[in-house]
Each structure stands twice: as structure tokens, then as C-alpha cells.
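A single structure is presented below for examination.
Residue numbering begins at 1 within each chain, and the chains themselves are lettered A, B, C and D in the order written.
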């Protein structure tokens, strides 16, 4: 996915002089994950700016840049290292348009590598999407495929609203899973073409309108159609769910897999249609379960699909513990087995 | 409630020389809400310390104090002004015990006035309990009555774990509602006496053990027994729910009201027993709904009480918007009418 | 464009202190004796018209503070953090800026906002509780009053930096813009202050940071806030120029800030100015200042009231007489009356504004929530036709209605 | 106890700059020429035994860096941020502390931790990935290695402040404790650094802040990090003493840090020390330093290797000969061997540790989650008896097992 993200940044920098990248080590180094590789060389150190080491300062500076008409793309080096910028994010970035009666919008993209599974030492594997998703005024998106890495980042940068763009560290070196089935169609009523695993499945972008390969913010996609039960997931857990669906075939279960892609705005339509079709749902993410995004998903599915549910909506998530050290993280992360265990508990006997 | 909080601090300062209060304006001024009134005069400016204006510095300093064996009680002046300390809270306070294999516990109480309804200008009325509740390693409690103001603060300070102590600004000047019915008994299996509206309803404290008037962390209380449906709430919304229950009588509905008091640890037992008894539930809080604590409550009630539910668990919350200006906040806050509307949608016809 | 001089990369075979830019500290350090004009020889040389203009604005600003405080007592203003005693800083900050410049005020800086041309009612919208920011930041080049302390300092840096970037791309469109960020003495303790100053210095951004050191952060005196020789001494730690000025000497404030702004404008980097002043009123109308400071202290500072000092100067130099003072008093009353009238005429806020500007386009969830509220209000209105007249069918927040007719008044300057 | 001298409250009738404490800036400012001992007359006066001890520890520290780097190549260590080239700072920091003092290291400071007496395997636990902090902070008076940059500086302030508070209550129990916080040049840009220094100065806490200025924050050179004359110049902005030292001169580092620690210990307040040094290796084994710095630059600094400099000094003064060097090399190999042996013997981590120490008492939810994992692992073990041997019936994390037998070794000092 790193290549797709890099390409998206490069294309945006090329097409729009207002786009500026800034963050720690994004210049000569190309970022610790190399997502900004070569950008300073091509566009100069002013447009791909190595900042001092201070995340609140970075985001605060980006706010001022956006107020002057630029479209800053901020890189936070790791998820936990975005926390120093939390006040700037919650009290300013998320609220600026609202507090100025629509006058001052902040088209800032905040790229945050998140999640674990890469052997990172403490503070390098956090999943903080729940904090962002609960903050009105932010869009929160996360790609799970290479194509969406490109398409959603384009859309985020094109958006006139601030977007927290969560990059699953585990999938940085991924190519799209060959065994994933072709994208199933979205809920027909939604009216936009499904964005699939290839960049060709473009839907309407936000902000400055759609472009080739731009994935729509606010649209989930059914990665795998199924009739038995519906797995709802996003980001780093998509491959787990696809693998679980594959494995479940052996038990005669045909699992649908929904990739949310966008946590805010939330695509109720696609999710509810997919759940109603099966009557059973499991939500999967690696962040801690308590108060996680999975709670919101389970709650709203419960509200909206109550009479279609044959079993409670279950959650498979990280435990309610600080992220473990590398040697133990495998126990914490949702696994195919844990997903299948949850599916097995969906009251099939009734 | 201010008096009860002040009394709790005073008693703790008297009883335990390790207890230290620190924060902005907690000294001569007694805090902007006067919760620390008179403490500097009685215990000296070192034990009730006016700090420089820097929340990360305050919490970081408190961490070091706790490492040396003190029990710091930190005041954050307003909810949104705790955000600068977010990294210290999430990356250190919440994780220290875990990351040191249990060697270094941090008995820090972080008092945060939260919520709206007091005519505060922007950034003065936020509700951020969802951020804290999603952070493993923190306890998160919030009193809704004067007695719990005293009892839970005592328990928080006595706890050997960090406690985010959320004080509903709206209830600072409250006395306990005279019209609330006597506390109904808690789920019998839980084994602890119910903490009622008077300070006499003491249960076991944590950490250094129970004391007179100390309310147990981790125990919800049924504020009103009822048979028709169960309102689940906490902090500033408790009076709304009690009033709604009162009003519902006119429609022949007998609503139970559960006051969570402790968001983490969560009292599944009391909540589930109360929901199972009625088969219908509405969750009420003033924070924005999306990804709020209400989502967690609805999700876990859905998981645990699925076969007892006659209707979906509904939520009445603040909208998914930045907190409004004072003149408009009444529209945003859950009201008796909104609670009753939700109750009316609990599929009574079926 | 060179953002910073990187030619000073480590002298590899030289001494190890070659790390980073080496520059002489001496020119960056403030004179610990604050700059004064009043009572010095420089006062005689000061432009008399400018001095009179400053004085006029101080008089109006003082009246504004009084009127706003009165409105809090009448319950028409939820809260007001008066800048009484700090008017020389407020007025000076606005006056040294050119139209292309930007102001980044703190919550106490309503008067700087008004002095830059915003209608009083709009500058007070936040404190009235009708909306968050009552003026259009782009129209006036003023960021919203910032309640989270020190956070807006970084915004000033980013904006000034962006303007330089744009100017470098297209020199013809170079605005030669300066951003002025206002913070209090207490706010200098925040990490955001530090980060903003460092970014400004490293980027060489044209920003002036004005610290209004009024001696207190609510109840906390400076001695418990910072142990530095002066707050201006912080500048050297960022490699920027630090200056100290008597903040109650309107002429000195104007001079030091003008110099600082031109320093930044000319590309010589940011400047930190500390103005030593005093808040004569309580923190806000809700505060009880007697809890933390003595009446004697306040009285001593009242003797150094910036208005009194400038008044005395003008009278001594024959630039003000009783007739002039009476005329000024009338203008001040006219301003107060206008504020009251604006308050009378101000419309109630529209609940539709709650949802209209969370995002550029409301999400489906927000549309549903807006519809729910709209239906509820409609039902309430049906029950009680005399009640709340609002419903949610419009785009909401009619900020034009708030700012229209504001053009001619131009804040304190045009109140005559 | 007086936390800060508040007798300097505003001189009410005096000049307005009476706000806050007035103190002379001059004694706080660093000499922009870093302190050196090697190559100066002071070298001759330096205690020969101390110089030899320092040298011995530098040799061992260097070998430690090499061995750890080798372990990363063998995949036995997940990551290692070497301090090669910075050993004089690492060793100096540990040596100037007394037993009652506390050390607050950053993630790069494994060697300072080892030099203070922690077993290598325990100091490396974080980087091995077996647990977060492998040593008992209370046993060694060392906080966990801090990955979130600059955040631990405030912890040092709080701990030092608490110790003073306790000492004031009971002077007989006064430990006269000093806290030493280590940060990098990049970390000085964080707001947390600013806040910690300000708190230390206002509280008068006995803290020494040592900035190891190695010229880079990962890839970002100091010139893009800060434009100050030196980082030590930041001290004056807090009202504390700032000192600059050649961080590759082990004798100078020892001297300046000793002075700073005694300054703090004697109640004269905190000190900021900038040590100018260079990281000879990449940021970590995962980093590619050729992307941002030249081979020539590295070579130039290698000529100022702290080990080479001290070696030359000792040989010139007849304090080291080939036989002594050979003995040292043997001790270094012994250390390396011991590290490898400790790695061989280290047990696998126990999954029970995941839940055991989130709270003092696990919540019911955590107990349920632990039981779920335990059942799953038991089921897996039943399917595959040769698999993961862990189950979750214990209290978990047996830190004693990690630290036992570590007492006799005393880090670098006892490796002989």
C-alpha cells in the first residue's frame, strides 16, 4: 500500500499547488515508512517540509496554512505520537468550520499510521480511531486495500473538510489479496458504483469532485457477498475477515464481508443492507473493544436492524488492555480463529 | 455538589499526608468552581498547589509525584482544557502499571468538570468521557448526586489506580433531587449494599478499603425501580431521566432509572438485570451519540440481553455536532421530551 | 525560497558545537528595562496626531469595556473578560497592522478585534452566546477569538508561512503579510506557545508574538507562572528577537510593535514582545479578584492607567483640552449607545446553524438529526404558537445579517 | 517550605516591569564555547582514577552497542537505537548520580540504564519485545525508557518535587535526591519539554535536564529543529542555569554534569545542560542514515569519537598501555558473552501478563477476557501439544525472574 499512498501524494502535489506535505522526517528520509519517498526531491523541501519535532505545532501550523488557502497533508509518525496534537485536532481542526459559521473550512488531511501486528515496541501500535470517530467535524477513513490507499487518500486531500486518514501499518507492504472475491455490489439504493479492489472502481469524490481512481468518502463496500452472516470490519482486520470467510466455507457457512473504509461519515445503508440480508453480524477490529468503533456499529445495527437479527451482534476486538509487547501481540489481535469462534456463537441452533 | 466534593478533598487531605491537590487556580481562588475553596488556607500552598498554566505539565508532574508515593489529585479547569494532557494521560497514566509489570501504579485522581447546560462559551461544555472510557488502564467515574460526589471522590482518591473523575458542571450547584424515589435495591447477586442518595449508602471502596461515605467504584445503582422500560444514564443526565420517569407515570409507564456512576469498570450485572426486568431500554447522555459511551452500553446490552429485548435499545444523546453556543444548547441536550419520545418508540404496539 | 539558512550545516572538522546554526545571542536578548516613551525625551518626538489618535481610541476602548461589563450585569452578555487597563496593548496591536495582515487574538482581546474594524456586536457574539465567532475571519483577517490558550499562536505561524510560500511562487502576489498573535502571560507556559515560537523561528515566518503580561493568569501571579528574568528572555531560546515594553505606555507599545511588525515584514524573522501591563478589572465578570490580590495593588496600578498617562501627556503638550475631552466623552457615549442599540436589534440565533456547518455537506446522519430537531420544534410551535419561531428549513446561520451594516463603522476608529 | 520566592511580588508603585521575579540573566546564560577538559589544562588536574574508570566504562559501553546491534541482525532484538558515539554522555549521566537519585531516560538511553546497574537483558527487554519495561523502576530508581519523546521530563520534575515536599515534612528523611532527565535535541521542540522546564524552575525542583544534542532527530538536522544560538540558551527563558559541554569529552561531561547535579542537590534549582555529540550509527538498525547525511560527515565525527579522545589522553599520560587495553578488550568480550548468554536463558513471555497489571485488581471484564484467551490457548495446546506452553492461571509477569541474579553484575561497572 505504501506505493499507492506515495502515488496519491505525488499526483496531488503535481495537480494542485495548494497541496503541501509536512511532518517529521517526511523530507530527505521519505518518512519512516517511506510513504513520502522522493516527494521532497521532486517538489522541493518547502512543499514536503521536515518540521521540528512537535506534533501540536505541526497540526497547528497546518491549520494556519489551510486558513491561507493551502491543503496541508500532515504526517503523524505513529498513532500514539498524534496524541500531543489532540487539542489542536479536537478543539480547532474539528470545529473551525462550525465555529466560524461555515466561513473557514480546513481542508487538512492528517495521515496516521495505526494499529499493530508489526512488532513495534510500546506506543508504536495503538489504534485510536474511536477517539477521532467520536469527534464531530472530522471525517475518518481507513483503506484496507492498495486501490483504496490511493483512492481514499486522493479523496481525503480533495475534501474541503478535515480528514483523519488512518493507514494500517500491517498493510503497508501488502498487495491486494488475490483470493478476495470481486467486490459485490453495494446496496443498490445508494446510487454510486462500488469501488472495488482495483482502482477502476471509482465513485464520486467529495470536495473538488471525482477523479479517476478516487474512492468515495462515506461509502462502505461489500468485499465479499454472503448469505449466512455478515462480518463488518475495516482497515487492518479486512484480510483477517476475508480469510475467515474463506475458512468458513469448509463449515458450509457463506460469510459476507463489509469493509467500512469510512468510519465517519458512516454508511448505514450498505451496512444495514448487508446485515438484513443475513440476519447475523460480527464486528471485527483490533482496537480495544470497550467504547471502540465496534460498539457504535453494533449499537446502530441493533437499532436499525433489530427485527432482522437472529442473534446478537457480536464483536471480535483487541482486549481492553494497553497494546501488548511484540512477542504477545498475536494473542491480542483478532485472528481467523477468534472470528470463526464468534461466528459459531451466532445462535445457529435456534 | 461543590460542597460535597470540597468536603471529600478536605477529608482526604486531613487523613492522608500523601494526598496533594494541584492545578490551575486551585489555591487562593479555590478553583473557578470553588471545589478547592479553603484548602490552600488549611493545608498550605504546597499541598494545594497553584501550578503554571500547562495541563500536560500538570499531569506529567503528578505522574512523577505519584511515582514518589504521593496521591495527587489534579484539577483540569474545563473538559476541553484537559486535551493538552491527552498524551500524558493515554501514553503514561493509563499504561504505567501495565508497562512496569505491576511495579509502578499511579494513584492519581484527575478531576474534570464536564458537560454543558451552564451557558459556557465554546470549549467550556465538552463531554469527553468516551475518550477516557475507551482507554484501558483508566477508571472513569462520574457522580450524579451530592452523596456520590463525596463518596466517589473519596473512592477515587483511595484507589491505587488512576481515576478520571468527571464532575457534571450542571450539577455543581445541585442538591439531591427531593422527588427522586429512594434508591431501589441493586441486583441482589452483586452483594454490596446500594449507595443511595444519602451518604449513608456506603459500599466497599477500592484501594485502601472502604470508609464511611465512600461509594464503590464499579457499581451502578438503580435510582428508581420500574417495570415498563429501563433508562440507563449517568452524571448530568440523571435528573433528566428521573424527571422523565416521573412524567411517564402520567402515561401509565413505570420507568426504571439506572445511574451508572462508574463507566469503567462497567457494572454489567446491575445494568443487565435492570434491562432484563423490563425488556426495553433507552440510554441517555449528553455527549455526541456517535461513538459515545451510549454506543458501548447499547452494544453490550444487545449482546447480553438479546433474548430479553422487546425493542431495540435506543439512544438519546447530544447531536453529532460541536457543542453549541449557549443560546442553542437547550436544543442539543437530552430533554425530558426527547427521552419520552424515545420511550414512546420502544415498540409498545407489538 | 530558502525557509531557513541551511548553509550552516555542521562544520564537520571543526569544533563539535558546530551543530546547528550558530548565532550571537546578544542582539536577541531584551533590555531588561522596558521601553518607555512617555516621560522620556522620545515623547517629544512622537507624532502628535498619532498620539491623539491613540488617545481617542483608548478612550473609546475604555468605554467599550465599561459598556460590556454593564451588559453582563444586565444579563445581556453571558460573560465578558474585560481588558480594562490593557487598552494600550489592545489598540496598539490593531493599529500597527496593515490591511493585509492577520490578527490571532485570545479570548480577552475583543477590543483589539473591534479596533481592527469588527462591529462591536459581532466581536461580542462569542460572549453573548449566540454563536461561536460573530465575524467573518476572512473579511477582517482576524482569526476567531481563541479560548484554548496559546493554541492560536501556531495558526499564526502557519498562515504567515503559507503567505511566504505563496509569495515565493508568485512574487507579484506577495502580500508582505505579517501575523500578530496575542497571548497572555499565563499562556506562555503552554507547550503550544513553545512549539509555535520554535516553528516561527525555524521557518523564519513573519510573525509577531505579543505577550500581554498583566501579572496574572486568573488568580495565579506571574511569580508562580515563570521564573525567567522576563518573558521576553524566552526569545533567545528560539533564536528570535525579544523585546520588553511598558504596556501601559501607549506610545511605547505603538513604537515597539511597529518596529517588530516591520522587522517581521522585512523578512528578518519573528519577534517576541512582552508588554508589561495590568488587568484593572477582575478576570471576568464572574471572577472575584479580591480573593487573590489586594486593593492596594490595584490602586497602585490604577495610578499607571494607560489612559491617565496618555491624557496627562497630551494635556501637558497642549494636544488635549477640556473641550477636546468633552468631545471624546460624547464619542464614547455614542459608541456605548451604538453597542446597546446593536444588542437590541440582534436577532435570536437559528437552531439550523447547529447542523449547517459541521461539514461542507451535512452527512446523512446530520440531516436526520436536523430533521428530528426541526420536527420537534415544529410540534412545540404548534402547541405554543407564541413560542420559539425557529424551524430548520434554511441553510441556517445568516452571518451576513450579523455583519451587514458593519462596514461603515470600522470599530473604534470610526465611532466619532 | 518555600516553593518559590514570592516575596518578589509586584512593587506596586515602582516601574511596571516589577511583574514577576526579576533576576539577572547573565549567570543563567551558557558560555557559547562548550566546556572541554581534554586538551586543556584542566585535563592534567583531572582525577586519574576517575578518568580510567570512565574510559573502562566507555569501552564496555561501546562493546554493548556493538553486541546489541549484532543481536538485531540475528533477529534476537526487534530494534535497537544505538548510542554509538554518545557513550560519554550515557556513562557520564549514570556516574554522576548517587544511589538516592533517579534517572529518567529516553528510548536511546539503554546504556545509561545499564551503567546504573540494570542487567543488560532487562535493559533490553523493551527492544526485545518481551515486555515493556524489563527492570523494576523502584529497585534501580530508573523510570521506564520513554518512547513518547520529552514526556518523561515532567515526571522527573514531579518526582523531584515530591521528594522535596516529603523532605520538608520530615527533614530527617531528606534524601537530597536529584532527578536527571535525558532528552534528545529533537525532543526539545516538544511542548512537554517546555512545560517540564518551566515547572522545574517555578517549583525550584532539583532536576538536571541533559540534552544529548547529536545533531539529528532521525533525519532532521538541528538547523531545521531550532534556530537558537545553542539549546542551552533556552534555560534563561525559564530562569534556570544553562550549560554547554563537549559531549564527546568524557571528562568534561562528567565535570559539568557533576556540577549541575550538585547545584540542583544543594537547592539552587534546576539546570539545563546541552552536550554536543554525534550519533555515529543510524537512528536504529532499521534506519538508512545515508539518506540524510554524508559519509564524510560521519567520518569527521568519528575522528572525535569519545573513546578515541579519552584513549589518547590516557595513553599520553601513561594511564593506559597495551596490556591495559588488552585487559579491557577481554572485559568487553566477557560483557558481550554475558549478554548473549542472558539472551539464551531468557524465558518466553507469559500471555497472562497481558491482563494481570492493567489495574491493581482486574475488572470482571478483564477476567472474562483472560479466561477466553486461556481457554483458547488451552484448546490450541490440546490440538498441538508441542505448541505454545503458556496458559493463564498465574498472576503473570514474573518480573523477579527477569531481575533476579542481576544484583551482582551492576551494569558496566561490574563487568570486569
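Heads up, the rule we're going with is that a residue touches a chain if its C-beta (ideal position, glycine included) is under 8 Å from a C-beta of that chain, and two chains touch if they have at least 3 such contacts.
Being a predicted model, the structure only gives us computed values, none of them experimental.
Here B-C and A-C were compared by C-beta pairs in contact; the pair with more is A-C.
Set against the Cα centre of chain C, the chain with the most distant centre is D.
Chain centres here are Cα means. That of chain A falls 37 Å from that of chain D.
With each centre defined as the average position of its C-alpha atoms, the distance from chain A to chain C rounds to 39 Å.
Chain centres here are Cα means. That of chain C falls 42 Å from that of chain D.
Looking at chain B, one finds that residues 51-52, 54, 56-57, 80, 83-84, 87, 91, 95, 98-99, 122-123, 136-137, 264, 266, 290, 319-322 touch two or more other chains. Chain contacts: chain D has residues 131-132, 148, 189-192, 194-195, 198, 202, 224-226, 353, 358, 363, 365 touching two or more partner chains. For chain A in complex with chain B, the touching residues are 56, 80, 83-84, 86-87, 90-91, 94-95, 98-99, 122-123, 130-131, 133-134, 136-137, 264, 266, 287-288, 290-296, 298-300, 302-304, 306, 309, 311-315, 319-322. Every residue of chain A that touches chain C in the complex is listed here, in rising order: 17, 20, 45-46, 49, 51-52, 54, 56-57, 59-70, 72, 84, 87-88, 91-92, 95-105, 136-137, 139, 159-161, 206-207, 218, 264-266, 268-269.
On the side of chain C, the complex with chain A involves touching residues 1, 3, 131-133, 136-138, 143-144, 148, 151, 153-163, 165-166, 168-169, 179, 191-192, 194-196, 198-199, 202-203, 353, 356-361, 363-365, 397, 399.
Partner chain D is touched in their complex by these residues of chain A: 24-25, 27-30, 32, 50-54, 56-57, 80-81, 83-84, 119, 121-124, 290, 319-322, 324-328, 331-332, 337-338, 341.
Touching chain C in their complex are the following residues of chain D: 4-6, 8-10, 12-13, 15-17, 19-25, 28-29, 32-34, 185, 189-195, 198, 201-202, 204, 213, 215, 221-231, 233-240, 244, 246-248, 269, 276-278, 296-297, 300-301, 303-304.
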